[in-house]
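Below: the structure, in structure tokens.
We call the chains A, B, C and D, going by the order they appear; numbering starts again at 1 in every chain.
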Amino acid sequence: MAGGPGGERVLRMSQNQSTLARLMRLHGDVRVDFMTSPALEGNALGDPAQRPLAVYLPPHYDPQGSKRYPVLYCLHGYTGDVAGLLATRPWESNVVQRIDRLIARQQMPAALLVIVDGFTRLGGSQYVDSIHNGNYATYVTRDVIAHVDRDYRTVASEGGRAVFGKSSGGFGSLHLCMNYPGFFSAFASHSGDAYFRYADPPLFVQAQRTLEKHQWDIAKFVEQFEDANKRPQSDYSTMEFLGYTSAYSPRSATPFDFDLPFDRSTGEIRDDVWARWLAFDPAEICTQKKPELSRLRLRYLDCGRRDEYSLDVGARVLAARMREMGLDVRHEEFDDDHRNVGYRYDVSLPALAGVLERS
Amino acid sequence: MAGGPGGERVLRMSQNQSTLARLMRLHGDVRVDFMTSPALEGNALGDPAQRPLAVYLPPHYDPQGSKRYPVLYCLHGYTGDVAGLLATRPWESNVVQRIDRLIARQQMPAALLVIVDGFTRLGGSQYVDSIHNGNYATYVTRDVIAHVDRDYRTVASEGGRAVFGKSSGGFGSLHLCMNYPGFFSAFASHSGDAYFRYADPPLFVQAQRTLEKHQWDIAKFVEQFEDANKRPQSDYSTMEFLGYTSAYSPRSATPFDFDLPFDRSTGEIRDDVWARWLAFDPAEICTQKKPELSRLRLRYLDCGRRDEYSLDVGARVLAARMREMGLDVRHEEFDDDHRNVGYRYDVSLPALAGVLERS
Amino acid sequence: MAGGPGGERVLRMSQNQSTLARLMRLHGDVRVDFMTSPALEGNALGDPAQRPLAVYLPPHYDPQGSKRYPVLYCLHGYTGDVAGLLATRPWESNVVQRIDRLIARQQMPAALLVIVDGFTRLGGSQYVDSIHNGNYATYVTRDVIAHVDRDYRTVASEGGRAVFGKSSGGFGSLHLCMNYPGFFSAFASHSGDAYFRYADPPLFVQAQRTLEKHQWDIAKFVEQFEDANKRPQSDYSTMEFLGYTSAYSPRSATPFDFDLPFDRSTGEIRDDVWARWLAFDPAEICTQKKPELSRLRLRYLDCGRRDEYSLDVGARVLAARMREMGLDVRHEEFDDDHRNVGYRYDVSLPALAGVLERS
Amino acid sequence: MAGGPGGERVLRMSQNQSTLARLMRLHGDVRVDFMTSPALEGNALGDPAQRPLAVYLPPHYDPQGSKRYPVLYCLHGYTGDVAGLLATRPWESNVVQRIDRLIARQQMPAALLVIVDGFTRLGGSQYVDSIHNGNYATYVTRDVIAHVDRDYRTVASEGGRAVFGKSSGGFGSLHLCMNYPGFFSAFASHSGDAYFRYADPPLFVQAQRTLEKHQWDIAKFVEQFEDANKRPQSDYSTMEFLGYTSAYSPRSATPFDFDLPFDRSTGEIRDDVWARWLAFDPAEICTQKKPELSRLRLRYLDCGRRDEYSLDVGARVLAARMREMGLDVRHEEFDDDHRNVGYRYDVSLPALAGVLERS
């Protein structure tokens, strides 16, 4: 109970608010739809095609009204999901509580915020189309947007949409803007995966050690992981590795059939597979994406200077490359590490909403 | 998405389920009521008297039916609240998901589970009546129980109720059973606060250092804490200390007016105030509570043998004392620390439900 | 190689210097004597009665000359020994290198520095007379001082001697000055053990858990510890606990025959044994030691404000008590923890040498 | 005092032993020579050309006798030096204590052990010839060997010499055997630097952040580092980075004039400089060193499977490459990390001594 950070004590709860909105003590409201995505059907991991979709509605939103709102699409990070981003923590504000407060304080224009569920059995999809995981990029850009534009009063065009997220969610934002032009007109990547050369190889070694212990039976490793009460940190990083592998170097639609980016027996890097990973690295490919990046109204990057995955380097490389292409970038750094940097949304959300079209 | 631990893949979602129940993928349902407690009104901290109350309803629960259910009251730990206990985490099960699975698998009789909100601005009430915080023991035993028995189909008697929780929730369970007889007929204390002589003095030193830096202006410390984006671990433990102080040695109904259990200038323990804390220590007072303990149908204690607060000693002392009084105790230890031990509910919930009256 | 901190590049090595002095790049010299102490003979642990004793000699020291020097007796901490204090570390200065530099820079008067070996099979003696460990207080005050005054050109009187040390060495300094008056005229306790009520109980719990795992066979635990290639941190803290127990609550001269300060089965504190420990606590007993403390020329205490053993509280309590007795104390705090605070010798050594008699 | 691991209680101290030998409680003896190396004169860092050299002499070694001994050359790791390797720690054995015990127990043939000093102002030379640091490979292979063969009774030929070490000392052993054939006939690399692709890039990011904070004034950073009482971990890893840079990509004999393997402004890897580093990586170059490797009598590699620098992969790659070349390798893994693995000398020293020529 008690006010969260900022000490909002005056609340306007309404009987019309959802339970979740009341638990979050919102001025606006939040809904959860359960939508089915054709893009996710029949995936090898057996993840559901029906997904929750959280939609934040600002105060005064009227489903029958004539006003239309821009939409900020939020992509969660690795191990996140819709339920996770709706969770609250004492003395902290989640992304919904933040946008609600920003709008209530008139620090940004009213907007919808949509939280997309990109979780998989391996912890996350990276929002890419994968022969193994399912087509998560298509799910977001085609199925989710269609659902939102159909059921809510949105500015239903590229100019009315932005995409943002943290960590893998930041990566997803970059990936969708660079490879699926025409859906979003702005992105904010907070501590987003970029410059894989620093971020990813440390995961390889841990995974090589762990999977060797499991005789390279990935299915069994995953099952044991799921069934365990507690797990060592190395098991978590191995799952993270498998999540990325299933996204970047899948081999087929057979469960757990991936190309590993290292040699099983020694652990040394396999440059052929590694090249497939690097083809997803925003820092590597951005120079080939000038048309896609140029059409954006805002390119926002930030990262903590103590990021454990060295993603501050990724953001710097991205910013430098875009500027070399003649594009403006908003690039900020701050003194923090990779975790619990949601307070940065107080910077990015007003910036994103500020460039979008309103009705 | 994907199945959680245990791999429940078959789901029976219904349009009648609440959004929360669907996000948790329950067989049963979960409701959140917002009830107002007279016991909490006008407290010095300014915490709301209106609180959320989560009620889990098992499959086939019929509000119009004739069947009545026993009720397990769940008390969260320090920094917990209702929203926190309803949150989900990837590859983990919260207490609601656990009881739902246990009932669905017929590993325990059907029961309601009620999550009580005992959060305060200082992070938690310890479920005690405090001149400063408000009367949280009365709130639970009088106001919450009355609400539940009025609005749900319960076995509305001592024999139909148990109370349990982890950490401060385990403490609360012990506290209420020892000091408020007649409401509950069983408790389960998981890693519950007991034997303060080990658990609490380490907090004193940290608090002395932190509060001295803040010139002993507790109100200002708390405000800065609430407003911060990030906080050092020592600030969290100082808040925890203040939470306990406000419960065990409040001085008045003036905000932040407590007696500290240490000398401000040196940090040495003040034995007079410390004695007031020890009067709340279950391990110290249990020998005076034989009548209250004797009427219980089940006394359940467990703790990890690597508990960072040494609460395994507390559980051992409690178990030994009760046995010396001629009372049966179920006492278990396991190889783990204080955190993320929710898997222990799979042991305690069937045990509690097994001794309660059913209609 | 390369200059250490402070960048002393000009060296005056001499063929007369010892190998150790050349490795340390000293201006002066250092000798190691191997002396036999009657006080240590026949101890239950089987520790040798012959001990190394390191003696630092300042530049221009002349064993045939007429000049006599005050002596600073250095007591190492728990797990320390003479060899350990003579070890060097890159970019750091040990206590011998520090006094040598202070004298060379004329930041303190020339003095001898003697390092006493108080190690035992359990990691340290606390410099107390123990029926079990041997009489380490007598060893220092009788045997070591006699050896030094006989073989070196010292000011051979109370006024020419000070004692100092860190952690258990600080404790030893306090213990010897409070209980063996007439030998030293000044002490410096750096992060010295005091206020056991905070410092020691956390060790009890760990020891209870560890020794229970070893079926309370202490001899076997110690042997396994000694034979292991690697040991968990809990084994180290259990050894530390045993070291203190053998000093504070020994039961007999039979190996490993101690009174434990906790109940074996539950871990709760045994107040009778605990009282024997507290009788060694400088913070508890100092008020009864006014005559012994009054005769000192300097009482020096310091401690880091992040000390993991809460010894900053101990130093504060000691300083407060002495001031209440009307005694001057030099008491300093600094922003650091318990480890690697040798730079504080740059403050204490000049202060100690400054009050001692010189010839 | 007290016996170390293994419990050697019977000691044969002699008045002829050096002080160091007595402090270490050796059966044999240890000497420290201070020799001047022409190869190190005039280096840019200002490190001394005169270096200590520790020589372990087994029991019964007779400088006037006719018996000649094989010599094991020990290369310390980064931040090590001769004094550091002679230091003792409670309950541990250093490399000299280990060889002494192995010989005393007749677990290996008698041999000399020589500890070479390869420290620099930046923490270590990697034992390579560097235009900036000085010619440490030449120093070892030419100056040190000549000194030892002149002053001690050695088998003064390739067949009588082995080289070994841990971490950077393991790297040095590999480097000297691969690039300076004819001096040693066996090596043991314990957790030796290899497969830089995993081990080194994590250092780059930390160094980029740290040096940017110091405005790229490396000299000033180093001076501040040397003068500090305490330093953050990131400063240590930046020093480590500078140590490697000064060895692998020096630019000139001007102090602190290196080529950094990353772009200053972004931190991204500079592949041209990185290639110069990789040219020192044993895992990269070993395939070109078949003649040098073939002449060896023993190739010994081991590494812990939890090595923080991923050097277990390096050892695996090396072992695989050598086997592909048709060379035998002794390759062992163990369940430990990078630190305190001196117990592995109990395996490697007998193996090395076993293949060397004896008189």
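In this text, contacts are C-beta pairs under 8 Å (C-beta built on N, C-alpha and C of every residue); 3 or more make two chains touch, one makes a residue touch a chain.
Everything numeric here is computed off the predicted structure, so don't read it as measured data.
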Most distant chain from subunit A, judged by the mean position of its C-alpha atoms: C
Length of the line joining the C-alpha centres of subunit A and subunit B, rounded to whole Å: 34
Where subunit B and subunit D are represented by their mean Cα positions, the distance between them in whole Å: 56
Gap in Å, rounded to a whole number, between the CA centres of subunit C and subunit B: 46
For subunit C paired with subunit D, centre-to-centre distance based on mean C-alpha positions, whole Å: 34
Chain pairs that touch, as defined at the top of this document: A-B, A-D, B-C, C-D
Subunit B - residues contacting subunit A, complex: 1-7, 9, 13, 18-20, 22-24, 31-32, 34, 45-48, 51-52, 79-84, 86-91, 117, 119-121, 123, 223, 225-230, 336, 340, 343
Contacting residues of subunit B [partner subunit C, same complex]: 195, 197-198, 201-202, 204-205, 208-209, 265-269, 283, 305-306, 310, 312-313, 316-317, 320
